[in-house]
Each structure stands twice: as structure tokens, then as C-alpha cells.
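We call the chains A, B, C and D, going by the order they appear; numbering starts again at 1 in every chain.
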Amino acid sequence: MDKTVTDPAAAVAGIADGMVVMIGGFGGSGAPIELIHALIDRFIATGHPKGLTVINNNAGNGHVGLAALIEVGMVAKLICSFPRSADPVVFTEAYLAGKIELELVPQGTLAERIRAGGAGIPAFYTPTSFGTDLARGKPVEVFEGRSYVQERWLKADYALVKAHLGDRLGNLTYRMAARNFNPLMCMAAAVTVAQVSRIVAPGEIDPEAVITPGIFVQGVVQIANPAQEETLNRAGARYPEVAK
Amino acid sequence: MDKTVTDPAAAVAGIADGMVVMIGGFGGSGAPIELIHALIDRFIATGHPKGLTVINNNAGNGHVGLAALIEVGMVAKLICSFPRSADPVVFTEAYLAGKIELELVPQGTLAERIRAGGAGIPAFYTPTSFGTDLARGKPVEVFEGRSYVQERWLKADYALVKAHLGDRLGNLTYRMAARNFNPLMCMAAAVTVAQVSRIVAPGEIDPEAVITPGIFVQGVVQIANPAQEETLNRAGARYPEVAK
Amino acid sequence: MRLTPTQMAWRAAQDITDGAYVNLGIGLPEMVAKFQPPGRKAIFHTENGILGFGEAPEAGLEDWDLINAGKKAVTIKPGTAFFHHADSFAMVRGGHLDVAILGAYEVAETGDLANWSTGPKGVPAVGGAMDLVHGAKRVAVITDHVTKDGQPKLLRRCTLPLTGVGCVTRVYSSLAVIDIEGGQFVLREKLPGLSLDALQAVTGAALHVQGAVADLIVPEL
Amino acid sequence: MRLTPTQMAWRAAQDITDGAYVNLGIGLPEMVAKFQPPGRKAIFHTENGILGFGEAPEAGLEDWDLINAGKKAVTIKPGTAFFHHADSFAMVRGGHLDVAILGAYEVAETGDLANWSTGPKGVPAVGGAMDLVHGAKRVAVITDHVTKDGQPKLLRRCTLPLTGVGCVTRVYSSLAVIDIEGGQFVLREKLPGLSLDALQAVTGAALHVQGAVADLIVPEL
């Protein structure tokens, strides 16, 4: 078994119009920029995929990565906790113009809903958001004298994640806080594709150090020197490049 | 801050009559034998603690560790998934004699209930046990056309776990499949005491390699060469030693 | 004339594809791992937190921190991963396993399985079976076709406490390979020397035939 | 005469005990970390998966995989641990944090907090605040006592969308330290030059006095 995928274009080739796509990362850390840009390339070339529902903690920053995905018009709906950033202009304009739907979810609930999707738990109760606008319409139940809100799992057709090392069986490690939502999204998607800085031979990752076991990963593509959103934004980058 | 505890006796000194105690391990792997035996020593010397509710995957094997805890009469109730072993005579006799109460829980549900206790999730839904005797009396709900059983969290007053390395902040690693329920129990108990093979300085455990972050651990005690249940049982060991 | 446990395990192994994620129940199903056809490598999962473990070590080389769900010593190999019990059952319950193969006391034509309790006497023990039957994409059973007393184990309805409802889709018995489809037993293979009538006589529910019934041929093992 | 944001952060820091696990909200609360009294070391948690992180690196030495919830670069130090978002919020929701200190638009005498939405206009953003207010053992707020327009931020009832119900137990304002007990604001400390009447005049609900009210004295910073 070899889950290696040759390039980012091949890695995202299966994403179709209207799919639900989880994209890892918290701000720029752990964001799979090259996979997102490969998806944009496909859209520029073919007009697809479009009408995507994207699940990410944020809503993009500047004009690269997730922001660029929104800017070119591929995203119909965003499920996130914090659609603000240093430069949130792309999402803000799309949202205020009514061009993109927003489902706002508290960050811990977002993480837990994704884990639940991966773990076969269709619903769970949390104290988070009880008594607030974000609990509106959701069932409430009292356990041991305290009120809790029922939340549902989140699943996806695809997850695009960024990891550090990966082997051809799909075992992954992450780099510091770039871990964040990535391991959860690997669990919750029918197809998970991970971009990794280096593909190593099975056994090179210590079995104790595997964060995402290969069972949760369907494709691994090597991007040796991945771009970092913060660095791109400080350089004023745009994707696709305007000059093209 | 230094969570180091000098010896097993001090580590278990706070466990009182009637408490709920989670004990890590799957069979002998990851079972904190020395902590259990320290608890037995206290009972032999003082008559306390007694009437404990113990949560473990199993019900002990032979006449050491959890089996010995049951044999000396400290356990009023056991919550477990699989009370069979190579030599289950202690639990079997106590159970058939009506001396110990048993709550049988499917293994994945047991793990998830403990995690839920640690994660502040009072209840969740699982497909496991739907339509079986073990779902009797539990709420059932249909999500997306499939039936699920509502399960509640499990929490404990104490967790006794076995880890591999630990630092004085309580960060822990485990050894291979000895990980099992241990990290979950650390999360779900008001007080977690971990026996570790070696106490290391903070920073000696790679931040990427920490399995249980110190926030979940209140005490760390070094047991340099921990006994292994399988080895004790093959040698026909009993605790406390009969010859004493 | 019937298959030995080893032969049943061999037959079950022929249906496991290369790269499949597989959980094998304690006991007889564990033997399936030995009979993977050449060129295929399944990845084995054990509930206690190992994916991609290897064969048993030589006697005397056991490490009791490295065991499977049956508490037998196993080994690691390149690509092994360790994880805790909640992650392990996320793999199970979340539908990430391709196949689970379990033992059975009884299987019903509805796909119901009973394999954890022989009734109110004795000590009940469930382990991970109830999670596996509702988690794996395909749940199969390996079982003698009849009990030690010659009574059918394949029934219209289970009489023992259930492990899961409508979960089993294929039975590898000592006499036949039977699928469960639409609430019926559908016969796929039977021992060459065994007539359909003879097989039906030791089966507690109607056997249906859809298309050809192949000969169940396994090597001497 | 009122405290600067830095002085409010200093005051809040005085209540954090040695070894406490603390989450500091984005912005003003982040400053609390700088003012730990000598001999005390809190352990700081950030929602995006770090426990026990260190101070900001020098400019130019940032690693953008090592950031806090405010997306600012931080550092590791001996004892740091990384984990994923579900484990991070298990720490929060599971009651493992000792203290969370957050900013506020409004705080009610009931302990209700509003700090995530200024109403239907603009883009709403909630982040981890709703989890923190129901997770940490103690939830405190740092806030100017009044809005930029001089209107009270401490109210009988919040007028903006709530972050949490009955969750705040202490407010460090630019004028006073106020506890919330039994649905009342209980004044604990106020600036020495400020009369109770003057403080009440800029507070949107009754201030109660139980025992002595101490002088709120902070260093020049």
C-alpha cells in the first residue's frame, strides 16, 4: 500500500462542486497553502470545483490560501469560529455583500464536532453557548443540575491538512502548534490528503510519535518547503498572482 | 511547582472510603501495580479505604494488582468491559457470591465515557449497544436515520495510572500499548497520580512527544522497575504475600 | 466432513484486500492474519491501541506492554502506530475499519449477532465487540455451523443476548459461506460433498440461492 | 484618574497563584503574563494547542508554527507541551484551567458576559471565549469601567449578545475590583481618590459593600 500522491494537483483532483471540505490550520500555522492553491488552479482552469462548504477555524488572511479560495468565488459557505484576522478584507466583503454564508461555531465546539464526526458520535452535549444566540434552535438538556446544549457532528467529503513528516502508510507528525485542527480533520473526512514537508519510509516515525495514524489518511503529497501564510502576507502576496 | 511525590504510600494517602477510583491499564499493560499495592497496604494497616468504586477495563488476573484489591475486599463496585482473564477466579467468586457489583460497559463506550468526563461532555450518543441488553433504560435518539444510545460521562475522585517518563510538571509519556486508558483517566479524575519509570527534568520530554500534558496530573511518583502483572502471575505471586 | 478452524480462517482471509484495515476478534478470528494471500498486506488494528502490529514474538521475547486485545504478545513493524483507547475506538466507531471478523454464538438471518453472553449465569464480558459490530464497514463472522450438540447457530432470530442488531453481512462457517442480504441468508459457497438439503437441515433459517453456489474449497492446513 | 490597561493587567496578575493554569484572552488580558509576582509561576494555556509556552521571541525570530490564540509568535520553554484542538478544549471545557481572564464589552451583576458581538452589523467572531467562560474554575474580566463615550460597562443586564450566562466572578476595571456574588456586584477595592458615590455614578447596577473596601493601589508602569 502506498498513499503517496505525486503532486498537489493530483491530490485535490477528486474535489467536486458542492463538496464539504475541511481545511486544517489556525491562522497560518498548519494551513495547507499549496493544496489550497492547487485547488484554485483547478478552478481557474476548469471552473470547478465551486459552491464548496469550507470548515476552518478562521476565514483567511490577506489574499492567499483560504482568503484566495474565497476571493476567487469557490466558497458558498464557511463554518468557522473566528472570521477575523490582520487583513480580513476578502471574507468581510464577501460576507457583507451576501456572497458567502457563515455558520459561526465556538472554537471548542467546532473542534469537538469535528472529532465527533471522526469518532462516530452523532451528537454530544456541551455547556458552551448555553443561553446565547449561538445556541438558538438547539436542544437543551439538564444533566446533574446544569444546562447543556446538544451539538451535532461535522463530517466532510475531503480534508486538506498540513503535516510535518508522513510515510506512505499515511502516518503523520506535525510541527508545534501547527497541529491544531489537522489531526481532527483527518478523522472526520471521507478522503484526507496531507501535504507534508518530507515523506519518510515506514518506521522512520517512532510508533510513539505518530500523531495521526495512517488509517485516517488517504493521500500524502510532499511539499518540501511549504509557504507560510504570515510570510506571504508580509510580502503582500496574492494568489493567483495578479501579474499573470 | 513540583508535583513529585516521594513514595507510593504518600501518593494514595488521599483516597477515602467510598471514592470512585479509575485504575489505568489493559490487562497488565499500563497497570499501576505498585500504586495498587500501596493502597492495599493502607487497607491492611488501617481498614481504609474501603467501599471503593473502581473503573478499569478488566477485573484483575491472578492474585496481584486489581485482583488483589478485590480479594482483600476493598471494592464495592467495578465498572469494566471485560471481567475475564487467564485467571479470573478472584472477581468471579466475589461476583457470584454477590460481594461486588458489576457495571458492564462496552469497551469503546467505556473509553469515550471517561474521555467525556475529562472533556466536560456530560453525555453523548453512540451506535454501540443499540438494541442490546446493555442499552436498557438509556435514552435512544435517531440521527440521520440511525438509532443511537445516550451515554453519560464517567468521572473519578482519583486516577491511578502508569506512565513511562514524567517530569515534575506532570507531563507524561507511555510505553507502547501500555498507553491504553491511562491518558483518558488522567483527564477524568479530580486527582491523578502517575507512577513513572523515571522522573526527568522539564524539557527532557520533547514537547511534541508529551502524551498527557501536566494539567491533567496532580502527582508523579517514581517506581524505577515496575512489576508487570503477567510476570508476577507466571511466578504465582500473591499480594499481600501469604507468608507474611 | 467440515472445515477446521484453521481452514475457516484461511477462507475468511481470501476476502481481505490489500491495504485493508482489519480488526480480528479474540480467539479463532485472530488466525485469519496468518493466511493473507501473497501480495496482499492488510493492516491490523487492536482495540488496546496499536495499528499495524506484527506477528507474535518468539517465546521468551514477549514484552507485556506490547499485547493485542486478547492479551497475547505481538510485535511492532515499520509503520506501527500507538494511540490511546478513545482514539482506538474513534477508528472503530467512526467507520474507519474496513473489516471486523468476529466469533459468534448465534447469527440471525436479520444480521443480528450474539457473541458475548450465554445468559444470566456466569460472569458477563463484552469487551470491544459491541463497538466493532457497529463500526467496521464490513462485519463478518467465523463460526462452526452448529454447536457442539449439533444445534444450528445460524437462526431466524437469536435466542441469546444480542451483541448488535443487523450488523453481520457474511458468515464463514465450517460448512459454507453465507451472505446476509435483505434479512435473508444467501448461500454463496458450500462444501463440495454437501447437498443443499443436508446444509439446510443444520441451518436454523431458510437458505436462499441467488445464482451459482460455488464449491467451498480450502487447502489442507 | 484611572488605571491604564497595563496597570489593570498588573492588578489581575496579583491574584494568580503559583502553579495555576491560566488562559489569557486576546489583547489586553495577554499583558497579565508580564506581571507575575516574584516567586510565582503560572502555566499558560493557549487554545491552539500549547501549554506552558514562553514569552514572545525577538522580532525577526518568529516561527509562525509557534503562535498563541491571538496569532502572535511565542516560544517554548522546559515543560511545554503541544496537543490538538480537541485536547486543548478538553482542558477548557473539562474544568482543568484554574483561571481565564477575558476582555468585556459588558458585564452584568448576574455574572453574564458580553464580549463577542456588538450586534447584527459587521462580521461576528466568537473564537474560544464561549468555551472558556464555561470551563475555567474562575472567570475574571479586565475592562475599562466605562465605554469610550463614558457609559457604564457594568450593568444590571447585558444589552449585547451574551458570551456566557452567570460565568464572571471578578472584574478588574480601570477604577475598581468588583466581585460578583449572589447576583450582585460586591465592591472589594477602589481607587483611593474615588468616592463610592462617584464610582456608583459610572456603574450601571448597585455596588454592594460587604466589610472593608480596600484601596486599589498599583505601581506606575
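The criterion applied here is as follows: a residue touches a chain if its C-beta (ideal position, glycine included) is under 8 Å from a C-beta of that chain, and two chains touch if they have at least 3 such contacts.
These numbers come from a predicted model, not from an experiment.
Peer 1: Among all the other chains, which ones are in touch with both subunit A and subunit D?
Peer 2: Common neighbours, subunit A/subunit D: B.
Peer 1: What chain is the most remote from subunit C, judged by the mean position of CA atoms in each chain?
Peer 2: It is D whose centre lies farthest from that of subunit C.
Peer 1: When B-C is set beside B-D, which has more C-beta pairs in contact?
Peer 2: B-C
Peer 1: Averaged over CA atoms, how far is the centre of subunit B from the centre of subunit D? Could you give it in whole Å?
Peer 2: About 36 Å separates the centre of subunit B from that of subunit D.
Peer 1: As a quick test, compute the distance in whole Å between the mean CA positions of subunit B and subunit C.
Peer 2: Averaging C-alpha atoms per chain gives centres 30 Å apart.
Peer 1: With chain centres defined as C-alpha means, what is the inter-centre distance between subunit C and subunit D in Å?
Peer 2: Measuring from centre to centre gives 56 Å for this pair.
Peer 1: I need the residues of subunit D touching at least two other chains; which ones are they?
Peer 2: Each of 76, 82-83, 86, 89, 92-93, 134-135 in subunit D touches at least two other chains.
Peer 1: Show the residues in subunit B shared as contacts by 2 or more other chains, in ascending order.
Peer 2: Within subunit B, the residues that touch at least two other chains are 112, 115, 119-121, 126-127, 174, 176, 207-208.
Peer 1: Just say which it is for the chain contacts: an open line, a closed ring, a star, complete, or other.
Peer 2: other
Peer 1: Could you run through all the chain pairs that touch each other?
Peer 2: Taking the chains two at a time, the touching pairs are A-B, A-C, A-D, B-C, B-D.
Peer 1: Along subunit B, where are the residues that touch subunit D in the complex?
Peer 2: 1, 115, 117-121, 167, 169, 171, 187, 201-203, 207-208, 210, 213-216
Peer 1: Going by the contact rule set out above, which residues of subunit D touch subunit B in the complex?
Peer 2: 18-19, 21, 41, 43, 45, 51-52, 76-83, 86-87, 89-97, 134-135
Peer 1: Sort out for me which residues of subunit A touch subunit D in the complex.
Peer 2: For this pair, the touching residues of subunit A are 26-30, 57, 59, 81-86, 88, 91-92, 95-96, 102, 104-112, 114-115, 126-134, 174-184, 211, 228-231.
Peer 1: Quick check: in the complex, which residue numbers of subunit A touch subunit B?
Peer 2: 112, 116, 119-127, 141, 143-144, 146, 148, 152, 173-174, 176, 207-209
Peer 1: Tell me, which parts of subunit C touch subunit B in their complex?
Peer 2: Residues 46-50, 62-67, 71, 76, 82-86, 88-89, 92-93, 112, 117, 122-131, 134-135, 161-165.
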